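Each of the two complexes below includes chain A, the first together with chain B, the second together with chain C.
Our next item is the complex of A and B:
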């Protein structure tokens, strides 16, 4: 989450886990208990975490599809415009608009647009860039799983979260006002 | 910098994978009951080590060969294509053979990273990183040859459809050579970003634990601030899947388009509708052979036996056997259709290949591609690393000869006997071929030193496989 979203009063609770199934169970229960899950930090893509956190399906597939259609249109337009309108050349008697022969380049451009734009949007959406100054939990890229809960005004949230975390085998629970 | 929020004390928690309860149905993908931190340590410590004598030996050998190749390329560019053995009849030979050979090698990497991902083949996780690296280096080697072949390589950008001062005279979109350019440029770009996307989480892992300050700074920039957030992971997985779905038809299209270079012409022996599937199968066949050739020493010298297991080789041998059998079947169909056509030129090409002056190349191809890989039917062969290594090299030799046979034997004796000719490569051409191997191995050896050789995050996801 971006730094600007951080409000001064909001506090976070973090539970550190060593096992994949513990963090999954903790996240599930925290959500059932109505706690707001800020994010979960894991060393690899944990299966079932999307559902446990209640994440919506990403719309990046649609972006990739639209980008592909754009590539297709651009590829066809480029070839038809240059070969039929701008400077028609007779090559071995083939018709100016020799459409089936335009398919390979059109296909390649479809794939190229779709792939590059999908990756570009992924990086933008996740704010991943070369000079990112994001903070990282110690050992989370190694073997630790961290579940961070955003506390609302209700005072009981912190206690509740700590209880959920320890019940599911958290090795440590900490509270702070700016985690990651 | 990666800032440790707070130091986490070591707490004794039984790791999930410690319990060696094995599934009765499946074998584990990673051997040795590794924990997450052991997996990280095993792969990251390779980056901290100073290269050993073996690495320096291999590196200096491949780099010397690369320099020899560069000299040969320089000589060709300065003097002209006359330094090669080409003549009026055989206008395409060594360089195009090498081009098709290298492009084919690359296909296995994409097959492993994209197609096996779509089919949820979890064993790919140990080998996809190095196979994708191989793809990229092979495509670089391949791209070199058409450019040198231009004669005036500094004008290679004329193949781009850009508005120019020649009227805008556009490129000819009906030419397979132009399709080739688009296919290979797209293939290279998509393979590169796909590979890099897979690397990001591992670069973050390396960033968080490597000792060298310079390297840490480099990994810090390259890992793009990755912090393992699941919101990021979730979108990452979606895009990874999208790219796999895009790379799958892409890889099939690339070698199909390469085969169009030949199939669209009217030269007997080239003008065949079977070429696209035949080329794609051959590409995956030769690519898997090259993956095995590279991984056998990599695994041994970098002590990765727990990650790249005999099971991986067994599976790769099976893919090689399948694609090799498709290739063998294609040879038979090509011969059969040649005779069945009743066309005297087609029949002549078939007979001339098998019994003519280049029969040694043809029979090398048949032996290495159609016969020797059939040994992989035997479990004993599939589980013997030395045998796999030898067979994989023979397959590469065979697949290089396949392209040589297709290109040279079709051209050297076509319609007019008065223009028949022979082709033999000059030393310059041999050095350029050797130089491309030098480039390939130099890049691969550098990769082994610079990036995590095995996808750490994906391996962690399959540590539990068949356990508990």
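Our next item is the complex of A and C:
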């Protein structure tokens, strides 16, 4: 989810929901009404939320792919360099370049690079790295769903957002940018 | 019991033609005393039996795991299961070709070979075919039970059929693991009777499962293109695609697990299996092609999300996987009897005949029940797959 830095003079409206179904419906209607969804915070991945918010396809898959290729190359290079060129050892008469034996390590490094770099990039992009100052809404990691709408040019956006939220059973609507 | 609704008269005649071609290939091979005839027969008999068994394992896992999404396509694997009895008959027919396939059926060879005389208590003709008959009978029994519960629910709509299917499936999966292990050791591994690999059965299973799912996907897409199964959408294809993607990789994992240990240990009775496959340029080419067809190409094709959801791409990947597993079995049988690396006319003609036979039985079985299990409690969940209701967790 795109997490931009907070901007001055922009109002943010947050609607708090008790049920997954309600927050999905609220997001859909807000989008239909032309409101700008800043982000939605949920305790777990809500199926269909990406489509409801109109998110673009994540580019993380490409990062994972490129990282995997890097891991593959690193794994092969490490083993071929050490056991074929730099320090060849005769192990039971097997050829120095025993390619099949390199596959397990290559596989593990591919997975390791791909996994770690993808996680790292994800945390950097959503600004949740270790010691990040970013705060979270209370209970949003527990049982609350929060939809935040960013005010665009129209002055009435905030009121419109509040209306959408209450219509879909929001238990609380607040304004503020301290969480954004 | 007609299946005319599914195919046109022309296609029916084409199937007949393929069947005739298969019969012709068999007769021609018989008359010319070809040494490749019976190994080719075993290859095709086993291959198409594994497609039906793969469908059976798929249905069992569907029941045991309380799967909802696959309910709408379950009638396709259930129809594929209908081939098991005929496939069993075909396997038993290898009795007449045993001397062309299994070295241990020649008594002179067994007597002059210390290892084979020790193994003779297991590898002898009467007990071998008795085991084969028992194993095949067990599979047929489970097939009949699973189909019966499913079809009966269409009539009376009672929940107990779902519960009973679950129990039958659970027992079947355990029984199948044991019987299929024995079957693959017996029917395939004993072609090279001095060779053994403990992962061999698991390797056969990985091929069975991925080619079974690929066949299911092809038949689902084929029926969908003709306007049947309008309820099956992109989400169902996506799930099938994910399974195929995952299990081609699983196959590669088991492949390397077997290859690596044999390579590493370097024991003569084990390495002979791969030496035969890599000794001549012809076999080595097929050996490498096997890896490409069964893993590298489908892996690359199915890697993007969209490829798993598009009929066309999924179809291409599935066809490659099915051809690949035919080749895989070819590599497990023909190098071991010392044949030259050439896919001969008899092998291909028999393959066509068996394809026709398999499709015939499939279409006949498909006709025996509605295309959707109408009273299955999970049907709604399956039909709603990917819809807003399903996404909001209503089901």
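Here is the rule we use: the second predicted complex is superposed on the first by the 173 of 180 C-alpha atoms of A that agree within 3 Å, B and C clash if a C-alpha of one lies under 4 Å from a C-alpha of the other, contacts with A are read in each partner's own complex, and residues count from 1 in each chain.
Convention: contacts are C-beta pairs under 8 Å (C-beta built on N, C-alpha and C of every residue); 3 or more make two chains touch, one makes a residue touch a chain.
This one's a predicted model, so the numbers in the text were calculated from it and none came from an experiment.
Of the two partner chains placed by the overlay, chain B and chain C both lie in contact with A:20. Look at A:53: by the touch rule set out above, it reaches chain B but stays clear of chain C. Of the two partner chains placed around the shared chain by superposition, neither chain B nor chain C is touched by A:97. Between chain B and chain C, it is B that contacts the larger number of residues in chain A. Residues 20-21, 46-47, 61, 94, 98, 101, 104 of chain A are contacted both by chain B in one complex and by chain C in the other. Every residue of chain C that touches chain A in the complex is listed here, in rising order: 256, 259-260, 263-264, 266, 303, 305, 388, 390-394. By the touch rule above, chain B contacts chain A in their complex via residues 1-9, 11, 13, 15-16, 35-37, 40, 161, 167-176, 178-179, 182-183, 185-186, 189-190, 193-194, 197, 200-201, 204-205, 207-209, 221-222, 224-239, 242-243, 246-247, 249-250, 253, 257, 260, 457-458, 460-461, 464. Of all residues in chain A, only 20-21, 24, 46-48, 61, 65, 92, 94, 98, 100-101, 103-104 touch chain C in the complex they form. Contact residues of chain A toward chain B in the complex are 14, 16, 18-21, 39-47, 49-50, 53, 55, 57-58, 60-61, 64, 68, 78-79, 82-83, 86-87, 89, 91, 94, 98, 101-102, 104-105, 107-109, 111-112, 114-116, 118-119, 122-123, 125-144, 169, 171-172, 174, 176, 179-180.
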